[in-house]
Amino acid sequence: MNPASRSPVAPVTALLEARGVTRRYGDGRRRVDALRRVDLAVPPGARIGIVGESGSGKSTLVRLLAALDRPTSGETLFRGRRTSGVPERGLADLRSSVQLVFQDPRSSLDPRMTVGRIVTEPLRSRRLRHRGDVPSPSADRLQEVLAGVGLAPELAHRYPHELSGGQRQRVAIARALAPDPEVLIADEPVSALDVAVRAHVLNLLADLVRARGLTLVFVSHDLAVVRLLCDTVVVMKDGVIVEQGSMEEVYDRPRDPYTAALLAAVPRLRS
Amino acid sequence: MRWINLVLGTVLVAGVILLGLVSLAWTPFDPTLVVPGERLQPPGWPHILGTDAFGIDVFSRIMAGARVVVQVGVVAVGLALLVGVPLGVAAAMSHRWLSDLIMRGADILYAFPALLLAILLAAAVGASTMTAAVAIGVASVPAFARVARAATLQVMSSDYMLAARAAGTSPLAAAVTHVLPNIAAVIWVQASASFGMAILAEAGLSYLGLATPPPAPTWGRMLRDAQNVIFSNPEQALWPGLAIAAAVLGFNLLGDGLRDQLDPRLRDIS
Amino acid sequence: MATVRAVAVRLAVLVGSLLVASFVVFAVCQALPGDVAQQILGEQATPEAVDALRQRLGLDRPFLVRYAAWVGGMLSGDFGSSYLTGVPVGDLIWPRVAVSAWLIGLALLLTPLVALPLGLVAAVWRRHWQGFVATAASQVGMAIPAFWTGLMLVSVFSIRLGWLPANGYVAFAADPAGWASHLVLPVASLTIVQAAMLTRYVRSAFVEVLTEDYFRTARAIGWRRIPGLLRHGLRNVALSVLTVLGLQLAATVVGAIVIESVFTLPGLGSLLLTAVGQRDLQVVQGTVMLLVVTVLVINALVDVSYQVLDPRVRTGDLR
Amino acid sequence: MNGLLDVADLRVEFGRHRAPALRGVSFSLQAGQRLGLIGESGSGKTVTALAVMGLLPETARVSGSVRLDGRELVGLPDAQFSDLRGVAMGMVFQEPMTALDPTMRVGRQVAEVALLRGRATRGDTRTNVLQLLTRVGFVDPERIADAYPHQLSGGQRQRVVLAMAVFNRPGLIICDEPTTALDVTVQARVLDLLDEILGESGAACLFISHDLAVVSRVCSHAMVMLDGDVVESGPVSQIFAAPRHPYTQGLVATARLDLVTPGERLPTIEDYFRREDFR
């Protein structure tokens, strides 16, 4: 499939957008604002890294963008159409075009499902199939997707606990790519993995994004990892975006003191 | 060690069910036949466990009693399971006010013991196997609702439920494909434990004369009959008591054994 | 502030629960049996006689009015009168409360005293014979019905050894020694079963503490196993013991009904069973309601006491 | 072999049917030395630490020798082991959120370290606790001492655990991934503090981490573990600059993300080392 044929969208229209979103948890004295009036636009083809420490609101933000959570105020949009406050059945377009990879594959893969059923779950959904060109849940498609992430076809009959950590995260990536999405949102996809496996998964993600021309939203606490995959970076702290810019700019010449502190705090190998 | 519970539990449970099933077709003697000439015989041949104060063969009566136990257990646990599990799953997956309503109802019922419910029913409409089974079943609903809700909440908090939503799976489909398979294990454990409790409750009720009416033999009534002759023949209370204990122990051990096998967290500890 | 609010909410829930429970009890006793007046007088009674009786008993009033009258009466201590004998239900209940209260109270007091040490042994030595024996004892204790335990105790201690009376009751004021001797076996029968059940929970609560990170921290600063477990585990175990004990209260109350029947103790249980036998529904509903109120109120107290025991709940950071 | 801690041919097994967790580990730690233990999860780092502390679960079968100040610890009865813990050695764990008793005020938990030894009265213990809390960087020790664990942040809790570990000035401190669960900025502060306290007290440290950069920052020596074996050990400068074992070379290469140009393929351990060829 030619990725270029699918993006005739005018450059001014962002693919995913958040406009002044606030997300509040709890009530009364225990109220916590996970996000405070955040604006973010993800243009087609962008590779955006969202960086921040725990409690910065980075995961909340991408969950709102993916319409898996509702903002307390503000709105989220997909291709210029509102996705916040829209009932689930109105989100078919978004669901078939935006897929996610989560942090810990032990939690993101149903332990009672075989790899084959996990990977084809998005293809079996009637809602996703609204989009005409979503591949059918055939055995061929399954093999194709598994091969695409470097998994042997016979793994389709295994259960997640029979796989290694790296294989599990590959399964999660395969599930996300099965419906041929346009946007891949990866929420800390290598944080739960061993160092030895991390490099493999990052290489795989980089290859897939390049080969399929995916728009990437990559959430991480680790700027060094984000630097490798993204061209734009957003730095968050306490529910607000403190800095945003091109990767080199932010990484080499941070303007915000917090970004500078974050960069300085990353331990480097002294040798 | 970890297998002992499961094996012993399965053997005892299978024994009780087998006794009950066989008693449908055959018992050594008629379990209701009063033979005044053969009262209070010691264990031996042909009455392997002896006879009771009416001259009824004790072993035959115990076999027939097993049937009632299985009946009451199946009805009570089945009722509790069919009502409690959907309620618990719904409570976990629905809005907060509905969830609160369901669980508050369960809390009230929880404080309302099975036996009191059975006594009320017996007083209102007369005692029978069914009133006992229904009362025990209704009283067990909250336990299933709670367990199902807790397990479902755990499933709901997992990322694979989020992934399912992102994959366009509807809540109902997710409940069937993700929630039920993942909570099945704890539900079976609960069912096994509840079966044991149902047997105890049934025994208590039939001892008080608030369940299956005579002449149908039940273990509880055998104990009541034994109590009448306890000063002269205390051993009469032994066999039905052992039968109850073995059956309850069997279901409890089966439940524990299942849990040990199914809970990977416990597996790592032991 | 958070505590006061939580207690207020719990009280509101208690009142709601009491209303629902009383309605269920009333509905089952008044609506299910059919025409009470007809039943009392028998099939042959003339319709006029039945009507007259219905009017005399107040059964001609609408259901909800009768329910309200019943609840209102109970609030002022009036449980109504028996349809059969005309005796006020309160007069039947109150003299018998003491017997049941002693039985249930003593059993509930002894249950944790037996279960805590047994559960500790079962947890700490769970891979040794001591733990196996404790666990097995708890399994067996849970499997045997309390009334069978009672019969076995009677056959050994009353019949074989002749140490203790097999049945009956003497008031404490009349003869303290006799009172005690009559209560030993009933309380023991009730306690054995409840303690066996609680032991199981105590065991798993202690096992959980043994695997907790904070217990490992305690060990790393030099605590020995058992003192460390008591110091850092007991408070956490106490929370779950309290919860389970609250839930066990219901089981103990019904257990007591059966035990009273085994030992012919003149308590609420025997009153209830007699009333059921005679289908004296006013007495049944009054007695059941009293038992249910007791259970619900004590459960509410248990919940409230959490506020005091767990700092996470107390400071409102955890619900 | 007469350092502070001498471990020789330490083997640990959990049941016959599982691969041994440690297959004969030997190393030596001098007084005041800081040794980093590196490896993937399951390589036996934590088991090594718990074996030294005598905190392995009952099911573990331990053989070989662990000597602290010349005293053999393998086979030591728990009562005597308990007297060493918190006095001769202290430990900091990975998960700060669960490492403290949730039902007890922080100050009382710290004070236990002193009261356990029966050395102190309650009055001067309180003073000591406040002093110690100040020393681990709290500006308001009174408030911290009166707080419950859940009222503190992860970094604060980890400092409290560190305070408990160093209270009796033990000669050996074991840190098991002490900053893995923390944010980078918090991690930096905790590592600075650890550095400072170790320097001040002169205690030796066994520092476990999967993060080579963190080890290079805290330790003078490092030891690389793989599947229960030590594959390489030596001074940090040598291990990270000129690793000899191919596995270590792979680990070091994957850790240098900062050397990779964006768009370029990341080096993997398998570029250097194949597990199938190992052993």
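So that you can tell them apart, the chains are marked A, B, C and D in the order they are listed, and the count of residues begins at 1 in each.
What we mean here is this: a contact is a pair of C-beta atoms (placed from the backbone, for glycine too) under 8 Å apart; a residue touches a chain by one contact, two chains touch by 3 or more.
Because the structure is predicted, anything quoted here is derived from the model rather than measured.
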What chains do chain B and chain D have as common neighbours?
-> A, C
Greatest centre-to-centre gap (Cα means) from chain C is with chain A
Which chains, taken as a pair, are joined by the highest number of C-beta contacts?
-> B-C
Between chain A and chain B, tell me the centre distance in angstrom, where each centre is the average of that chain's C-alpha atoms.
-> 48
Which integer distance in Å separates the CA centroid of chain C from that of chain D?
-> 51
Where the CA atoms of chain A average out and where those of chain C average out, how many Å apart are those spots?
-> 54
Let me have the rounded angstrom distance from the C-alpha centre of chain A over to the C-alpha centre of chain D, please.
-> 34
Multi-chain contacts in chain A, i.e. residues touching at least two other chains, fall at none
Name the residues of chain D that each touch 2 or more other chains.
-> 59
Chain C, residues touching no fewer than two other chains = 127, 317
Quick one: which bits of chain B touch chain A in the complex? Just the residue numbers, please.
-> 158-160, 162-170, 173, 177-178, 181-182
Contact residues on chain A for chain B in the complex?
-> 63, 66, 68, 88, 92, 95-96, 98-100, 102-104, 107-113, 121-122, 125-128, 172, 175, 179
Chain C contacts chain D in the complex at 127, 212-214, 216-225, 231-232, 235-236, 309-312, 315, 317-318
Of all residues in chain B, those that touch chain C in their complex = 1, 104-105, 107-108, 110-116, 119-125, 196, 200, 203-204, 207-210, 223, 226-227, 230-231, 234, 237, 240-241, 244-246, 248-249, 252-253, 269-270
Within the complex, which stretch of chain D touches chain A?
-> 40-41, 183-188, 191, 210-214, 216-217, 236-237, 240-241, 250-252, 254-258, 260, 262-263, 265-269
